[in-house]
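What follows is chain A paired twice: with chain B in the first complex and chain C in the second.
Here is the complex of A and B:
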């Protein structure tokens, strides 16, 4: 078998098993999804009131509605819970049998993410379409070229958040507080990635801090490409360059932490 | 109460009067809190960490609200400092949720799954009371204190000193808000008797309670209707905060008390119904 065939077989098996687990916990997925929907819904509700009949620095109610529907979808498609899982694996000794497998745990995690995102992404898209059927303002202006770019940006953004989460989760090899670090990062990320407001509505210093970090490349940039609002739709080249740079940076960091962390690991419990 | 003079002799049927029963519950309550305190005092450094953490998250929350006010003077009739009063109330309620509700009733799904609920039901004490106070994270008082401090600071900025009546109204509605949150948690967690597989029932609460960071009037009217009739917990912050900024009418306060009483009664009924059909999950 060629390498491609071997790997697609492995991934196929992982994705199927992730799917089976997901089906057992489908109520849980619905609950997480609810959480993923309320946050942007609250932000949209407040901006809707603030905008009133006019606009906020160029953002009307319509653009806010499109932007935050986009945030809901892109956040789900790029969200990675791996940091918590890894923290748990290491603390509870569940890392041990994963280390014994002839295939690195990162592949299981990637397959898990594909299965999870296919499921929640489909649900959010269906909800969006149903909403759009009765509420015309969340229908997006047709822009197929930009949507293709958005699809690529979603994959890159998901990669950034995945390796970011995986690397931070692996800090659990050294510290028992890895999940605190990821929670702190997530809280800051709400501002910096554009989940609370489009970046150009944030105070200037916050927006410039954000554009020096990876956060907006994971959410604000793909959202802007998809919805045509959010401030990044005119900076396509800069957006993709930033995405690639941060993806490579987090991938290298992940490899570095993974190599050194395993040496540190004492295999707790079992 | 069993003391040394009476030994372990069980009280005769009918000798425990209503008053005796209440006193026994009171003793059990004090013992549970003392136990929690003893447990937490082993980790004294956590006290400072809790305050630092609480202050940090509060600053983040104020910053979040300030982003909206960069672009407007009022949201839903509330100025920035009025919204800050409300945010302080929200923070204090979060302290109650994280300190009492989550470690207490929040552990019910786990107790059911692991079968330890059976041991709890065998104790000669009301299971609901025991479950509520079996574990209290006392350091979360830091959230209550920093929250009230923020409200006081914001009131100072508004140049407003609430009258004695307003403070009393605030305290009453705040306790009513705690009662509503308690009832909602008890009901939600009782659902795990029916849906054992649902691990994250508290997520439902977390998601909806997030909306209580802002005054209810800040939302579009369609959403507000949802909040009023479907998800009343969003009002748990708006009403006590309204008392402090002096815009709470007596009729709304009375309505709040009525809802609090109704929530407590309904949740107790759901809990008893759930217990009656409980057949133990083994352990």
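Here is the complex of A and C:
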């Protein structure tokens, strides 16, 4: 068997298992999805009211609607819950059997992310299409070349959030509650990633701080490419360079924390 | 002609593992002090352990709770990084060994599971087949063998969460052994199981070891596991090795007596059997007499000739008692600052 076939089977088996578990927990998925939609819906509601019949720095109700529909989709497609899982695996001894497998635990996590994103992404796209059928303003202008770029940006953004979450979760090798760190980071990220407002509506210095961090490269940039709003659609090269830089940075950090943390691992429990 | 070099399956040399543990006094004051001026204590879990295990051996690790048994197993598998010393498993360092090494071993915990909780048992088998890249022929053969030996046929389609503890343990073993590991480490494999399930697991492990010449290491608090599976025992207490040898040798060294269990005739009295040895129990029509091991054959002959017994059997003292005595001695030696 070739290496490609071996790895395809492994990823396929993990994804299959994840989907089978999902079928058992249908209500759980629906609730998480609702949670994912609520936040951008509230933000849209606020900006919709603020914009009224006019605009806010060039943003009309139409551009806000498209932007926040984009945020809903991109957030779901790049979301990573790994910090909580890793924290739990380490604290409860569930990392043990994963470390004894002939493949690194990161592969199970990647496969799980693919499974998660495929299902929630599909649902959000269906909801978007249904909404667009009855509410024309959320229809996107046809721009296939930008959608292709958006797809690439989504993959890179998902990679940034994945390795960010995985690396922070691995801090549980040293501290007992690494997930607290990611919760704090999430709270800051909601603001700096453009989930509450397009970054070009924020004060200049806040937008500058944000663009020096990884948050907008994971959400605001792909949203701009997809919807043509948000400000980043005019900085495509800068966006991709930032994405690659942060992806490499978080990947290196993950590798560093993994190598050093393993020696600290107490392998508690069975 | 090549020179044959004997390579054991496991070789540990002066293996040690220390944990740095935060010390915290009780109460709110203690909690605050732990933040302001944290204190740490070095806990020695494994202390200069040296042993070697050959391929195909079945060895039991014995020791009281916290003796360092599980920590040793975890260092053997590469889960834990030793503080000092050297360990080699199948000719490689488990810490740096890659995926090929991991495909050669299995570690099963009696108190933790790797089965997919929400899915039917067969789903874990399918997942492990992909993870370990088990070729179709071996997978089908091994799966069929495990289903037969562990009587799993009825369980395969049932979600793991609906299985009893014993059923789950059997499935756990099957999932862990699908890739036919040559080194199997078991941490309390019969923990919490009823007598029938314990027997089934022991019988299976014996069969698996014989069929595949697997090296098996187990820890257990059930002496029946040890006597049924292992000929060799390694005893650890407070991280130190206190015995490494045959189970029989341990019994002979620790308790140099034999226990003669007799069924008495109606005319037997306590005094009539007391002259043969120390009467440990007298409850008509049964009695137990202990005699020095070397004198057991002669004493048995004299008891038989005495005419006060109807039946007789010669036994070693129960293994639980032997173990208790070993740990009691080691504990006294530790308190006195001496070593055995």
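FYI, the second predicted complex is superposed on the first by the 270 of 270 C-alpha atoms of A that agree within 3 Å, B and C clash if a C-alpha of one lies under 4 Å from a C-alpha of the other, contacts with A are read in each partner's own complex, and residues count from 1 in each chain.
As a working rule, contacts are C-beta pairs under 8 Å (C-beta built on N, C-alpha and C of every residue); 3 or more make two chains touch, one makes a residue touch a chain.
A quick note: this is a predicted structure, and the numbers were derived from the prediction, not measured.
Colleague: Putting chain B and chain C on the same copy of chain A, do they fit or clash?
Modeller: Aligned on chain A, chain C fits beside chain B.
Colleague: Is A:58 in contact with chain B, with chain C, with both, or with neither (first, second, both, neither)?
Modeller: Touch partners of A:58: none, neither chain B nor chain C.
Colleague: Regarding the shared-chain residue A:201, is it in contact with chain B (first), chain C (second), both, or neither?
Modeller: A:201: touches chain B, not chain C.
Colleague: Touch check for A:47: first (chain B), second (chain C), both, or neither?
Modeller: first
Colleague: If we overlay the two complexes on their shared chain A, which of chain B and chain C does A:99 touch? Say first, second, both or neither.
Modeller: second
Colleague: What is the angle, as a multiple of 10 degrees, that the CA centres of chain B and chain C span when seen from the CA centre of chain A?
Modeller: 80
Colleague: Looking at A:31, would you say it contacts chain B, chain C, both, or neither? Reply first, second, both or neither.
Modeller: first
Colleague: Should A:39 be classified as contacting the first partner (chain B), the second (chain C), both, or neither?
Modeller: First partner only.
Colleague: Determine the nearest approach in Å between the Cα atoms of chain B and those of chain C after overlaying the two structures.
Modeller: Minimum over all C-alpha pairs: 5 Å.
Colleague: Would you mind listing the overlap between the chain B footprint and the chain C footprint on chain A?
Modeller: 24-25.
Colleague: Spell out the part of chain A that touches chain B in their complex, as residue ranges.
Modeller: Against chain B, chain A makes touches at 24-25, 27-28, 31-32, 34-35, 37-39, 41-42, 45-50, 56-57, 187, 190-191, 196-197, 201-203.
Colleague: What does chain A use to touch chain C in their complex?
Modeller: 1, 6, 9-10, 12-14, 16-17, 20-21, 24-25, 93-94, 96-97, 99-103, 262-263, 265-267, 269-270
Colleague: Would you tell me which residues of chain C are touching chain A in their complex?
Modeller: 19, 74, 77-81, 98-100, 102-103, 105-107, 109-112, 114, 116, 118-119, 123, 126-127, 129-133, 187
Colleague: Could you pull out which chain B residues touch chain A in their complex?
Modeller: Residues of chain B touching chain A: 57, 60, 63-64, 67-68, 70-72, 75-76, 195, 197-201, 203-204, 206-208, 210-211, 213-214, 218-220, 223.
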